[in-house]
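Take a look at the following structure, please.
Chain IDs A, B, C and D follow the sequence of writing; residue 1 opens each chain.
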Amino acid sequence: MTRETITSSRKRDHLIICCENPVEAGDAGFGDVRLVHNALPECDMDAIDTRTRFLGATLSSPLFIAAMTGGHPDTLEVNRRLARVAERYNLGMGVGSQRAALENPELEGSFTVVREEAPHAFLCANLGIIQLRDHGIEWAERAVEMIDAQAIAIHINSLQEAIQPEGDHNAEGCLAALRTLCEEFPYPVIVKETGSGISAETARAIRGAGASAIDIGGYGGTSWAKIERLRASDPRLAELGEAFLSWGIPTVVSLREVRKVGGPIIATGGLRSGIDIAKAIALGADLGGMALPLLKPAMESEDALLAAVDAIQRELEVAMFLTGSRTMRDLSNVRTYITGLTREMIETSD
Amino acid sequence: MTRETITSSRKRDHLIICCENPVEAGDAGFGDVRLVHNALPECDMDAIDTRTRFLGATLSSPLFIAAMTGGHPDTLEVNRRLARVAERYNLGMGVGSQRAALENPELEGSFTVVREEAPHAFLCANLGIIQLRDHGIEWAERAVEMIDAQAIAIHINSLQEAIQPEGDHNAEGCLAALRTLCEEFPYPVIVKETGSGISAETARAIRGAGASAIDIGGYGGTSWAKIERLRASDPRLAELGEAFLSWGIPTVVSLREVRKVGGPIIATGGLRSGIDIAKAIALGADLGGMALPLLKPAMESEDALLAAVDAIQRELEVAMFLTGSRTMRDLSNVRTYITGLTREMIETSD
Amino acid sequence: MTRETITSSRKRDHLIICCENPVEAGDAGFGDVRLVHNALPECDMDAIDTRTRFLGATLSSPLFIAAMTGGHPDTLEVNRRLARVAERYNLGMGVGSQRAALENPELEGSFTVVREEAPHAFLCANLGIIQLRDHGIEWAERAVEMIDAQAIAIHINSLQEAIQPEGDHNAEGCLAALRTLCEEFPYPVIVKETGSGISAETARAIRGAGASAIDIGGYGGTSWAKIERLRASDPRLAELGEAFLSWGIPTVVSLREVRKVGGPIIATGGLRSGIDIAKAIALGADLGGMALPLLKPAMESEDALLAAVDAIQRELEVAMFLTGSRTMRDLSNVRTYITGLTREMIETSD
Amino acid sequence: MTRETITSSRKRDHLIICCENPVEAGDAGFGDVRLVHNALPECDMDAIDTRTRFLGATLSSPLFIAAMTGGHPDTLEVNRRLARVAERYNLGMGVGSQRAALENPELEGSFTVVREEAPHAFLCANLGIIQLRDHGIEWAERAVEMIDAQAIAIHINSLQEAIQPEGDHNAEGCLAALRTLCEEFPYPVIVKETGSGISAETARAIRGAGASAIDIGGYGGTSWAKIERLRASDPRLAELGEAFLSWGIPTVVSLREVRKVGGPIIATGGLRSGIDIAKAIALGADLGGMALPLLKPAMESEDALLAAVDAIQRELEVAMFLTGSRTMRDLSNVRTYITGLTREMIETSD
């Protein structure tokens, strides 16, 4: 197998593993957060406005379809469904890492389908920070062009790199590459973790490099340590994945740290309902992204995906109604109770 | 079925569901509260005076029979028994929502029985805030007149409205309607939640509108999300009910928030013994209301109901004795220990 | 049955219930307390001096045999064994309530055996505060004389009075009776709870009345609510006992409150090892009393009782050694970690 | 059996018990500590430098092979394997107590093998503080010479002495002996607990006596109370061991207290992975020592031991990578979240 096909087939492996196994680990903290009920909401639930401004675009909902897939022919259908729903509901959507298609243009189809099916949607291209560093701004341009994206997400997955057989162990130069990109690139740059979260310190470094937004990618949802442990044939790597199962900053804790630094935020990692999205917004996020909860219905059928998105949107609207939030701005001002381990971690980090 | 009979038959459904299913969710917080024992109480338990002043009336006990039923012929017997016990023990009592009978006067019998059986009791009429807004002060007048009530409770059940098939999704204008009622109505107005609690902010809005008292209706007792989930034939509504099972402010937390705002308070939601009533009083409530714990014996027989009320009253008196409280005023000054999740939520909200 | 024999036979019932049933409830808090280990104790474990001054006497150990029994012929043997061990080890010992023998002098034998077997031991007479109030200082004198006691413990058991069929529900006048006794009585007066603990407020009242010492009798050990529930033939009283199973101030919490008020303290209620005694001393007690853990071996044989006391004493000495405490004074200065629910309750009460 | 052979055969017993039974008790606290993830580590995992300066030596890793064995012929092979790995990876290593060989030079072989197999490694001699006090500086000199050690660890095991049949119950004079040793001995002196931890107060005494370093030996790993309970044939000693199963200061808590006092620190007691070593360093330790996790593979084969050490080292490097630590100094500055019981204990002790 060539290098390219390794990357590509790994993409298919991931989808299958995610659908057939419990790939979540830990607790993102949403269970420790409660929105303060407003018994006199003084608003019309059916007129609630979930429109959200994000990086210059107006999305119909803060529900963001988080980066998941593409790069292997089998993933095309999944991306098609996700894109059709994004178009239909005017949701923001990220594609999975485009590395495979950048390495091997024959694989572009599983990405280009997204723009074909979602001509008006806000799309995020996706590139690993290692690939950015190694291939420079040119790959970022090609990634954006491939799907005619509005923005690019540069993802970081150091944990996965560290524990997977094919991992790149050298993270040097990533910050410099990021700074260059932010200075020279005509599109907004989102820096995105993929399951270990962003600390206050890292958020400052990212903002300092000039990024337009941060995607939390916190601990408590899909766990790459778990996925890599399942994939590992080498028992030593399986053991290593095991040892890092509880590594990372829970999404809620990370959100509170990043919020202090400022700038637009997508909260992903363990959001599992429209109520979790509402909590994320109240805690300071602009969008709430989901990957795993959309993956399973997306692999089933477009109808299943529509039903899932409908349910999430309904939960969000009910949560907004019950907190008296007509708009996302209202929701962002709702008071919360924070308890338990999440509270302890936040207090430690204050 | 006409609109009216839908409302009416729903009332009967509710009673049956409540008796045959576990319809409680969460934790009202009373387990996290401990009354400080007074080893030298210096009082006579048999002379303890549980009389309580509330909105100008003198009740023999702070145990309040919370609003439950009426509006369907099958509910008449339950209301009769509740009323007979209210009369016998001089307890305050609320009737269930009178909407069905206001829509269809033929159903008044299940409400008027209450005043017939309890000619001297302090009775609260009951009307939804939506009906108040839509039908104005006239319905409030008719509701009070129907049972010759001393006060009216305007109940709020936004969560239930949001997730039930027949729900009214528009809460606009409720506060204005409430303000008008409080200004023009000759009877005291109690604003009452039904399971999600009242926050400090909402309490200020309610007091600002001129209400005479607040009934907490906190989280942790009878759960309408759970009842609606059980009733739901549409799986999407069942799912929605499920998602909101943990929505609401626990009664104890709400009580502490509302107390800061001031005014008479009825604590309902998850009180399950006379000790819980004592805790509620020590935490700042004037009355402690119960619905579910009285419903089951009331559906059985008058004797069963009497026994239940006797047990609650005995527990209250023992708790007063052991805290050295001769009167309700003494009890309201008893020190408490507050721990656990309840404490964390209270600290968060301070 | 006459009044006297009721009191007497109840005493025998209690012993049997305590030996055949789990009669403990809740948590006294000792598991939440840890003594700070001293890795360099600089003392000789075999030379540790556990002598303790208490109300003018010098006891060989802070282990106090808490008031338990007497008043029924069957209890004589238990008291004999306890007394022989008290004499042998120079431990302080309390007898159970002497009411039965004061009511019916024929029953004195089960008490007088204690002084016969323990001619030199520090003995505490025992009288209920209700009996003190009703019969005055004369009964206190007779109680002390009966066993030639060094002090008298006036016990309070309001919870038990409130929930037992024969209970005295009127606690009025107790404080005045106590004040009179303290003023006029030639012996030291210890005020003693029996399972619900003493609050800071009550401790101030007791000290104000002139008592020489306080016996905590805290929550978390032998539970009279549980015992009365087991004894109750009337289901309503069983239910009432059930409702009050978690009533009371845990021993550790009570100890911290009473310590702030000052004066000698016996900590009883849920101490279950010599380590617990050491913790109680470090938290501010002068003696650590045990009832239930000594009752079972005492009902078995003198040897079993000796073995139990030896084990407790050994644990105490090891705990002293490992905290570098040569004397009780050293132990009383040992630092502790306090965590969990106990810590939360203490913080609430500060 | 002579005194010497008792000491010697006990050493073999310990190894067997440790391999065949669960000999750990409690929680060292590492689960309550989380390292703050650095999403942009800017370092090369394969170039991470785990070199650590300790008492003048440069070790290749902070992983320290904690004192375990020697003194019985059967232990020779275990020490040989540990030594070979120490030499190969340039790890610091402590031998077990040399008392048996000091008492009976025929047993020296199981110690001298260590220096034979590890000619360049940093080795710590090991002597009990009781033996130091009783035999003076001469035994310390012989212990160091026996293995040509770079330093000597004076271990303290008061808990074990207190509860084991052969235990020395007198700890008087230990501090003076330690002070003399520190003043006169040409080698660095490490004072080492063996499972109960060092408090702030004790750390001050140790530093005051002139010791060069402290080995925490905290609670939460191998438990001598548990081992002695398993060894005990006398049921009273078994019971005593049982009673002290939860005695001691958890390693993390102890580490925080000792760090406040200053000086080099080895953290041992319940470290179970390279991540735990990383946490210990971030919390203020210089080295992270392990006994039990290395004992089992060392008893199996050299290969098993190598694999275990490789896994630990890999975990440490990944943890360093994910916190952006190129060096141990970087790691020592990484921020941590501390929660749960550990946090409560630390707050209590502040």
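Keep this in mind: a contact is a pair of C-beta atoms (placed from the backbone, for glycine too) under 8 Å apart; a residue touches a chain by one contact, two chains touch by 3 or more.
In this text, all values refer to a predicted model and were calculated from it rather than measured experimentally.
Novice: With chain centres defined as mean CA positions, report which chain is farthest from chain C.
Specialist: A
Novice: Answer with same or different: of all residue numbers used at the interface between chain C and chain D, are over half used by both copies?
Specialist: Different; most numbers are used by only one of chain C and chain D.
Novice: What is the Cα-based rotation angle between copies chain A and chain B, on a 0 to 180° scale and rounded to a multiple of 5?
Specialist: Resulting rotation angle: about 90 degrees.
Novice: Please report how many Å separate the Cα centroid of chain B from that of chain C, as a whole number.
Specialist: It comes to 44 Å between the two C-alpha centres.
Novice: Using the average of all C-alpha atoms in each chain as its centre, how far is it in Å between chain B and chain D?
Specialist: Each chain's C-alpha centroid was found; their separation is 62 Å.
Novice: Quick one: in the complex, what on chain D touches chain C?
Specialist: Touch list, chain D to chain C: 129, 156, 158-159, 162-163, 169-175, 178, 191, 193, 196-199, 201-202, 205-206, 219, 236, 239-240, 243-244, 246-249, 253, 341, 344-345, 348-349.
Novice: How about chain B: which of its residues touch chain C in the complex?
Specialist: 34-47, 273-275, 307, 310-311, 314-315, 318, 321-322, 335-340, 343
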